[in-house]
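Pasting in a structure now, in structure tokens, and then I'll have a few things to ask.
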Amino acid sequence: MHVIADFCLIPLGIGVSVSKEIAACERVLAEAGLKTRLHAYGTNIEGEWDDVFAAIKRCHAVVHSMGAPRISSTLRFGTRTDRLQTMEDKIRSVEQKLG
Amino acid sequence: MHVIADFCLIPLGIGVSVSKEIAACERVLAEAGLKTRLHAYGTNIEGEWDDVFAAIKRCHAVVHSMGAPRISSTLRFGTRTDRLQTMEDKIRSVEQKLG
Amino acid sequence: MHVIADFCLIPLGIGVSVSKEIAACERVLAEAGLKTRLHAYGTNIEGEWDDVFAAIKRCHAVVHSMGAPRISSTLRFGTRTDRLQTMEDKIRSVEQKLG
Amino acid sequence: MHVIADFCLIPLGIGVSVSKEIAACERVLAEAGLKTRLHAYGTNIEGEWDDVFAAIKRCHAVVHSMGAPRISSTLRFGTRTDRLQTMEDKIRSVEQKLG
């Protein structure tokens, strides 16, 4: 099952700056061979379901190992059976409507 | 890794009524032996990481098999290494502050 | 415009315990006269759009005033024009399908 | 109060293709003079709190007027009092850690 997701991880108990932990997650996702795109409030991820969710689990493990005692994440994730759709397809279909 | 999550699944392409699909997800989560609590905009889920995410994957598979060509879900999920916390603990700690 | 929402506020930079701040938000929502229901990963809120969003803004202001330098919140919110639906209606329609 | 948000609107009851409605929202946000950036699972928005939330309300009104009887949206939104941070700042601080 192919999935497009949007992941935002928030470490708690380590202060207001969390960019080091987010960067560590970007590395985890890249090492997993997933297609990703960082934006200002999360990261788009595309891949096979099991690969995507294994990488997200690893993000939590890595950020805990960096010293964060608590993590609260949010995820949007979409699947479809009517056709294969990539992250670029989703953006392009909106931009075409914008002319 | 113990996780407390909050899951909201939205089937697309089947009209405005989605309660049949949500009920099917409740059954999937119950059959997985997970602790759950339905609310007005999702379902709290508590359990071991792999069990929780396997059940969520099965929800997508089941709702697709019911005829929904597209699904968009959202999930909040939290882990902590400082102490074990249950769903009831989380609610109780807020209610104690409310006096 | 009537709205049913689900609100989860996370204060950053104040440590791992956030229940005092969540309790303050519950008070803000109650004082606004909104119908609410606390669960283990957020709070259901029902009311008129402007009332709901004014109260959420006040939650951010109050939690900042309590000392949190950074807040990251998530919100699900739904509106419909086909019929009026309450939080109880949403839960009941799923429970009826569960038999 | 300055806010950085991430908005994802899902119209229900109009079939699987929703790009026309998303494009209409992009226009609403642009007309409101907000800084935005479309990604594969939502749109980053930056601006003053009241402007951002007025535009989001207008997105719901416009998408209903296009024929969608039901809408379910998700929003992440962050505020901070310690310093002003832009969408570009957030991305840059992660990319610097990535080296």
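A, B, C and D label the chains in the order they appear, each numbered from 1.
Here is the rule we use: a residue touches a chain if its C-beta (ideal position, glycine included) is under 8 Å from a C-beta of that chain, and two chains touch if they have at least 3 such contacts.
Computed from a predicted model, the values in this text were never measured in an experiment.
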Selected pair, greater C-beta contact count between A-C and A-D: A-D
Centre distance in Å when subunit A and subunit C are each reduced to the mean of their C-alpha atoms: 25
CA centroids of subunit A and subunit D: separation to the nearest Å works out as 18
So subunit D residues touching two or more other chains come to 13, 16, 69-70, 72, 74, 76, 78, 80, 82
Classify the inter-chain contact topology: is it line, ring, star, complete, or other? complete
Inside the complex, what are the residues of subunit C that reach subunit A? 10, 12-13, 15-16, 18, 69-70, 72, 74
Show which residues of subunit C lie in contact with subunit D when the two form their complex. 1, 13, 49, 53, 57, 60-61, 64, 69-82
Which part of subunit D faces subunit A closely enough to touch in the complex? 4-6, 8, 16-17, 19-20, 22-24, 26-27, 37-42, 44, 46, 74, 76, 78, 80, 82, 87-88, 90-91, 93-98
